[in-house]
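Below: one structure in C-alpha cells.
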Amino acid sequence: MNYSPWQRQIRLIVTQALAEDLAAGDVTTTALISPELEGQGIITVEEEGILAGIEVAEEVFRQVDPGIHFEKLAFDGEKLSPGKAVAQVSGKAASILQAERTALNFLQHLSGIATETRRYVEAVSGTKAKILDTRKTVPGLRLLEKYAVRVGGGQNHRRSLGDGILIKDNHLAALRSQGLGIGEVVKIARQNAPHTLRIEVEVEALEQVEEALRAGADVIMLDNMPLDQMRQAVGLVQGRALIEASGGINLGNVRQVAETGVDFISIGALTHSIRALSFSLSLQASQPGIHI
Amino acid sequence: MNYSPWQRQIRLIVTQALAEDLAAGDVTTTALISPELEGQGIITVEEEGILAGIEVAEEVFRQVDPGIHFEKLAFDGEKLSPGKAVAQVSGKAASILQAERTALNFLQHLSGIATETRRYVEAVSGTKAKILDTRKTVPGLRLLEKYAVRVGGGQNHRRSLGDGILIKDNHLAALRSQGLGIGEVVKIARQNAPHTLRIEVEVEALEQVEEALRAGADVIMLDNMPLDQMRQAVGLVQGRALIEASGGINLGNVRQVAETGVDFISIGALTHSIRALSFSLSLQASQPGIHI
Amino acid sequence: MNYSPWQRQIRLIVTQALAEDLAAGDVTTTALISPELEGQGIITVEEEGILAGIEVAEEVFRQVDPGIHFEKLAFDGEKLSPGKAVAQVSGKAASILQAERTALNFLQHLSGIATETRRYVEAVSGTKAKILDTRKTVPGLRLLEKYAVRVGGGQNHRRSLGDGILIKDNHLAALRSQGLGIGEVVKIARQNAPHTLRIEVEVEALEQVEEALRAGADVIMLDNMPLDQMRQAVGLVQGRALIEASGGINLGNVRQVAETGVDFISIGALTHSIRALSFSLSLQASQPGIHI
Amino acid sequence: MNYSPWQRQIRLIVTQALAEDLAAGDVTTTALISPELEGQGIITVEEEGILAGIEVAEEVFRQVDPGIHFEKLAFDGEKLSPGKAVAQVSGKAASILQAERTALNFLQHLSGIATETRRYVEAVSGTKAKILDTRKTVPGLRLLEKYAVRVGGGQNHRRSLGDGILIKDNHLAALRSQGLGIGEVVKIARQNAPHTLRIEVEVEALEQVEEALRAGADVIMLDNMPLDQMRQAVGLVQGRALIEASGGINLGNVRQVAETGVDFISIGALTHSIRALSFSLSLQASQPGIHI
Amino acid sequence: MNYSPWQRQIRLIVTQALAEDLAAGDVTTTALISPELEGQGIITVEEEGILAGIEVAEEVFRQVDPGIHFEKLAFDGEKLSPGKAVAQVSGKAASILQAERTALNFLQHLSGIATETRRYVEAVSGTKAKILDTRKTVPGLRLLEKYAVRVGGGQNHRRSLGDGILIKDNHLAALRSQGLGIGEVVKIARQNAPHTLRIEVEVEALEQVEEALRAGADVIMLDNMPLDQMRQAVGLVQGRALIEASGGINLGNVRQVAETGVDFISIGALTHSIRALSFSLSLQASQPGIHI
Amino acid sequence: MNYSPWQRQIRLIVTQALAEDLAAGDVTTTALISPELEGQGIITVEEEGILAGIEVAEEVFRQVDPGIHFEKLAFDGEKLSPGKAVAQVSGKAASILQAERTALNFLQHLSGIATETRRYVEAVSGTKAKILDTRKTVPGLRLLEKYAVRVGGGQNHRRSLGDGILIKDNHLAALRSQGLGIGEVVKIARQNAPHTLRIEVEVEALEQVEEALRAGADVIMLDNMPLDQMRQAVGLVQGRALIEASGGINLGNVRQVAETGVDFISIGALTHSIRALSFSLSLQASQPGIHI
C-alpha cells in the first residue's frame, strides 16, 4: 500500500463513489443541519467478522471534509466481535452525515470478502494449500477486492490478463480446431511468452496432466476434477509442477480438496457472491447551533 | 436508457472495468492466438434466474473490438432456464477471449440482483406494497445496480442524497441535542427544502407517527418495527401519508410485512449481499490460422 | 459549501477557466517581471452592488500560486459601495498578474447576478412571494450561478432535470396528441414518479388549474398569465397547492405579480441576461528585482 | 472550425453543459413520455438578431441522442427576424425534451453576443476601425464567445495571456517601482519576448505615446482617453504604430471614437454584459405510444 | 494491436500530442488557407531505415480531420529506401497542414527505434541471442517505443515493474544490509512472488551465478560482464537457467556478446538515445478557393 | 516555472510516466523489501554535461511517496563532471526503488537536450546568432523539451501552431496553385493575422527575400541555403527584418552559419535526435527490517 499509483486509484474509486451519492448535494442535511454544528460518530460492526477497508473509509471522510478527524479503533485483518467500534469520527455533523453511507458501503463489502476468505483459510489450515482468488470480481473494485482477499489471509491469482500466462479451456478449444493438442499449445506459449513468466495450463482429465508436464508447463490447474482424480494428479506430478484446484469448491469440501496435496485452491465466490458484513454509524451532536 | 449521460456513464464503467483486466494486455492470448483466427462464442446461463445487463455485456465486446458481432438471444427481464443461451458473439477469437471475463462479471452481478429482486416482488404479489432498493450499493455500480432492481420488477428509492428528503435517525439525533423534536424537524425541513420535494421521515415508535403527520410529513418510514406495530401505524395514518417499511426484512417475512398495508418495502440486501448468477462463455474457432 | 463534491466542482471550473487564459503561459509577464518581484494587489468594486464569488476568486489565486496570500475584505452577500476594496492579495507580482483577469471575470459575473437578484427580492419584500431562478443558465456555470442567486436572496428552482417533476407545455403537447388531457397527465406523473418528489405542472389558462388540482398536482405554474388571471388562479386554488408565476416578469411588474398572492416568481433573466458588476485590481510592487 | 482540437473542446463544453442538466436523468420525461414516442420540434427566434451557435445546438442534440435528425434552417451570421425558425429536430420525443434547454441556453447566449457585436460593427462602418473583444469573458466559454464575436463581424484580441504581448497598467506600475519608465519597459519586452510577437503597450497620456514609439512599440492602446486626446494621439503616431482605443466605449460613442482614426476599438461588454437573444422550442408528437 | 485498451492509449497519446501543437489553433493556416481548399500530401522518407508508426500517423490525421483520406504506401517493418513514399493523404489542405508536424514527429521517432533495433538484430543473426529493450524509455511513449522495438525484430523485456520479477543491484544492496546474500534473496522472492512469475536476478560476478542457480533462479542477468566471464557463466549454467547480458553493449560488440551463448541481450540505447529517421510531407493544392 | 498551468502539466506528465511503470505495482520490491525498511539513494551523473530536469525528478519521487526527502545537490543549467552527485533521496527503500527508473528517464533525456544545446550555444558564442529549437519534438514532451533547450542556453521558437505566424513551403505551394506569389501571401497573412503577431516567412531563394520584405515580412527564414547565399541575404535585408537560418545545420557548420550575420539558427536535432546523458541511482538501506 505504499506506492503512489495504488493510492491514486483508491482516491479515484472513492471520488467516484462519492460522486454517485453527493454530486447533486445532500438536500436533507442542507435543509436541516447548521454548517456550524459539530458532532461525533462511532462506526460499529454488528456481527462477527474480519475488518477490511478501514483506510478506504478514512479516505471517504477525508474527501468529504478534510477537517474531519478519523480515529481508527481497529485495523484491517483484525477479528471483530459484534458491537466492536472500529472508528470514531469527529467534526462537522453535516460532513459526517454526507460521508456515512459511502464509507459504510466500502466497509461492509470489503469486510465481507475478508471474512469469507478467512473462513476458507482456516478450513485448510495445516495443509500446504493456499487459498487464491480469481478474476471473477465486481467490475471497478478488483484492486480493493484483491486487497481484501489478502487481508483475509488469501493470496492473489492474476490481477489481470497481463501478468500471467494461463491457458484456459477456450484457448485450448480454439487451437484444437487448428489441430493442436495441449502439449503443442504449452510449447507455443513457452516460445512466445515473455521470458519473465511461468506457463500455467488448465486440464480437465488426467491424460492431459502428463502431456502438459512433458511440454514444460510450470503450473497445472485441475478444473472441476473429482477428489480422487485430484489425488491421482498430485501423485502423477510428483512436484515437477505446481498444482491448482479450481471449480465447484466451497466451505463444505475445501478441506478435502486441500488434503489431496494441491498447492493452490482458487475460489470465485470469494469476490462474486459475498454477503456484506453489517456496520452502522451512530451520530451525536456535540455543540449548539441550528439552521435558519 | 435513451439519453446520453446514462450511456456515457455505462461506457465509462465498462472502460474502467476493461482497464482492470486488459490495461497491460493479454499475454496468454497474444502468445497463442493468431490475430487472424476467427471464432464464435455462446454465452450461456447455468442456473435459473432473471437476465440483466445484456447491453452492458454488448458494450464490453464493442469496446474490446468494434468488429465483434454481438447477437442478443435473450433480453433484460427475461426469465432464464439453466442452459439458455443469452448471446452469441462472433469475430476475432482473440477479442472474444479478451472480453469474456469482464462481460461475464457484469452479467453475473446484475442478473444476480434482478433475480433476487424478482423473488421479493413475487413474494408480495397481490398486495399494494412495492419493493424498493436502498443506497447500500457496491461503490461505483449504483447506476447499474438500481437499473437491475428495476429489471427485476422493483422500484428505486433515492439514487443519491440530492434527489429526496429523507430525515433519518442520525438527523433526528443531531437535532434532538438542539432541543428539537421530530415535529419541529419536519417543519424545518418543509420550510427549507426545495419546493419540488416531498418530506420523508424515519420513525422508530408509534408516538412519532402522529407527530410527523401533524407536522406535514408526506412519507413515513417505519424502521425495524414489529409487524403489529406496522399494522397499527397503517391504521393510524389512514392514507394521510405514504408508508415505507425498512430494516430486517427478508424473503421469509416480506409477505407478512406487505400484508400490514404499507406502501413500500425497502431491502438493502437487494444490492449489498447478492449471489452472482452463473454464466459461461464457450468458444469455437471457425477459421484456420495459427500464430508463429 | 461544506461538502466535497461542491468544492471539487468549483476547483474544476476554476481550473478550466485558468486553462483558457494561461495554458500557453503569459508571454508578457514572463518577458517583463522578475520571478522574485513581490507585490500587493487590491481588488475594488467600481459601482454599487452585492458581492458574490469572493471564495471563487480566492480559489483562482490559490491555483495560480499557493504562495499568494488572499485576504477577504468583504463577504458574499455584502452590499458594496463604489470604491470598496473586497480583497487584498500579496505575493509574487507575476502570479498576481496571471490570476487577475480570471478572478475578476468570476467576480463580475457572479456579483452581477447577486445584485440583480437582490433588486427583485427587495421589490417583493413584504409579500409572501419568493424569487426563483430557472434552468436558463450560462452553460458550464449553473452551479455557481444558482449559488449567486441564493447569495442575492433568491431561492433555487430545479438544479437539473433530475431533481423535480415539472410538466411543461411541451410534455402536455406531446401527450395531447395521445388523447390525454392535463388531469390524466398529472395522474400518470404521480403514478410513475419517484415517491420522494412533488408534482408541478405548467398551466396557461384558468380551466387547467382546477383540473390539475383534482388530479393531485402539488404545485401549479402559471405561464405568462395576465395579472387578473393570476389573482383568479390564487383564489381558485385556495392553498390546496403552491403557485408559481413565470414568464415576462421584470423589475417593473414583479411587485404587482407578487401582490396577486402567488408563492413563487421565477425569472430567467436572473441568469441569462446579466450586466457584469465592475471590479478592478490595482497592483503595487513592493520589492526590488528585475528580469534580465 | 475545421481542426480537431476546436471540435474536441466544443464537444467537451457541450458534454459538461449536459451533465449539469441531465446527469441525474430527467424524472419528468421518464415518468410521462414513452421511449417509443416520436416527435418533431421547431426552434424559433423570438426577436430580431444575429444567429450564432447553431452547430453547438446541433452538437447538443447529437450527444443526447445520435438518432435525432437536426436540420438547420438558418446559419451562423444570418440576420433573423422575429418568428424565424432556425432549426427543425425530429426523433424520439424524450430526447428532444432532454436536449431542449441546453441547446437553447447556448443559442441565446452566443446569438446575444453576435447581435450586440453586429451593432457595434455597423456603428463604425465606413471607418477603418475594427471592433475587438477582450479577455473579459464568461469563465469556461471564452472559445465560443470569441467565435460569436467573429460571427457578429468583430475581430478577436488575444485569446489568452500566451498569444500576444500586451503591457498593461499593472505591468508598468510594477516596473515603475523598479525605476523603469514606459520606454525602458517596451525595450525589455522587445528583448525578451519571442521573436514571433509584436509589442503592444497601454498608455494613459499623450506623453507616453512618443516614448513608447521611440522604444519600438508596434501597437499602442489608448486607455480611457478623451476623444480629443485620441485624435492627437493618432496625429502623433502618423502610422508608425497601430492604435487601439479601449475603456468606456459604448454604442453611444463608438462612432466618434472610430472617427478619431484609431485602428481598433475593444469592448469588454461584448462578452461580459450580454442580454440573451430569446429562442423557444415547440414540440409536436408525431406517433402514438404511451408510457405505462 | 487488436484489443481496445491498446488503441485507447494510442488515441490518447495522439490526442495529447495534437494538443501540444494545436490547442491554441493554427494562426498561419487560418490566416492563409481557405477552409474549402483541397490538397494532397505525400509523406516521404529521406534516408534508409525501417518503418514504424504508420498507423499512429494515420490516427493523427484522423483526429485532426476524419474527412482526410490516408492511404498507406508502406507498412510497419518494411525496409525503406531514401525517397520512398510511405503514405498519401488527401482532403482539406488546412487539415493536412495542421496534422503534418505531429504525424512526422511520431514517424521519425518510432522508425528511428525500429531502424536501430534492426541493426542489432541483424548483427546477431545466426546466434540464438534475442535482442531485448529495457525500461529506459522516453516518459509517456513506452507503449509505442516497445512496439517499435518489436517492429524492428527485437523482443520486449518487462513493460513495467508489475509484470516480471527482476532482482537488481539495488535490491541486493538493500537486503545485504540485512545480512542476506543473493541465494537467500532469490529464495525469498520465490516464496513471496506470484506463482505465475519466473525469478530473474542480476549478478556481477561468477561466484553469484552458482548461488543464484542453487536458490532456484529461472533467469540470470549478467551485468556489465567482460566477454570471457560471460562465456564462463554460460558454461557454468549449462541450460539450468536462461541468461541475459546487459550493460555497455553496442553495435561494435553485440555480435561477440551473442557468440558467448547468452539467450538475451538487452540494450537501453534502443529507446533512450535514438537518432530520428528523417521524413517530410510535400503538399499540393488540388482545387481553387482562397481565403478572404 | 511559477504559474500553475505549467506545474499542473508537469504533474500530469509525471503521473502518466509513473503509470507506465507502476500501474500494476512493483512485484519485485513487494516480494522482497519490507515496507518499513528505510534507505538512502544518491543520483550520480556518469559523464560530462548540463543538468536539466532536477525538479521533474523531484516531482517523480514526490508522487511515488510524499514522505521521501529529496535534496538537490545540483541545479538545472549547472555543468556536471562525471561522478557528480545531483541529488540525494532518503525515505522508504521501497519508494526509492519504485521511483528510480522514471526519475532517471526524465533526467537523462532532458539533460541530454540541455547538453547538446549548450554545445551549439558555445559554438556560436561571440556572434549575434541565437540558437532556436523547432516543433520537431518527441510527442508528449514538448513543454519539457523546450524548457531543457532554455536551460541549455537556447531560445524557443514557436511552442505551437497557435503562437506565431510562420509561412512555410507547403503554405506557399498551396497558394501558388491559386496563382499567388510569396509577396501576395505575406500581404494576406498581414491582413488576416491577429494584430499581435509578426509575420515570418520561409524562403528558399534570394529572389524571394526582397519580395517578402517589400510585402512587409517581419522575419525571414532561410531554408537550407548555402553559406554564401545566406551572406547575400543578410546583405540584402540590411536590418529591415530579422533573419533565421534553418535546415542541415550541425555542430560542424553552425559557427560558419552564425558568422553570416543571421539573427537566429534553428536546429531540429536539439529535440529529435538526442543521446541521453547517463545517470544512475545507488541505494543503501539504513535501517533493519525484513519482509516475511
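Going by the order they are written in, the chains are A, B, C, D, E and F; count residues from 1 in each one.
The working rule: a contact is a pair of C-beta atoms (placed from the backbone, for glycine too) under 8 Å apart; a residue touches a chain by one contact, two chains touch by 3 or more.
It should be emphasised that the depicted structure is a prediction, and the values quoted were computed from it without experimental measurement.
> What's the fewest number of moves from subunit D to subunit F, given that each move must go to a chain touching the current one?
The distance in steps between these two chains is 1.
> Please determine the option from D-F, A-F or C-D whose contacts repeat those of C-F, over half of the contact pairs being identical by residue number.
That interface is repeated by A-F.
> Given that subunit A and subunit E are copies of one sequence and touch, is their interface built from the same residue numbers on both sides (over half shared) or different ones?
Homomeric contact, same residues on both sides for the most part.
> With centres defined as the mean C-alpha position, give me the subunit B-subunit E separation in Å.
45
> Measure off the straight-line distance from the CA centroid of subunit A to the CA centroid of subunit B, and report it in whole Å.
21
> Out of subunit F, which residues touch more than one other chain, so two or more?
22-27, 98, 160, 162-166, 194, 197
> Would you tell me which residues of subunit E are touching subunit D in their complex?
15, 18-19, 22-27, 35, 63-65, 92, 94-95, 98
> How about subunit D: which of its residues touch subunit C in the complex?
13-14, 16-17, 20-33, 37, 39, 41, 93, 97-98, 100-102, 104-106, 108-109, 112, 135-143, 159-168, 170-171, 173-178, 180, 185, 188-189, 192-194, 197, 269, 272-276, 281-286, 288-291
> In the complex, go through subunit F and note every residue touching subunit C.
1-6, 8, 159-160, 162-163
> Would you pull the subunit C residues touching subunit B in the complex into a rising list?
Against subunit B, the touching part of subunit C is residues 155-158, 162-166, 194-198, 200, 219, 242, 263-264.
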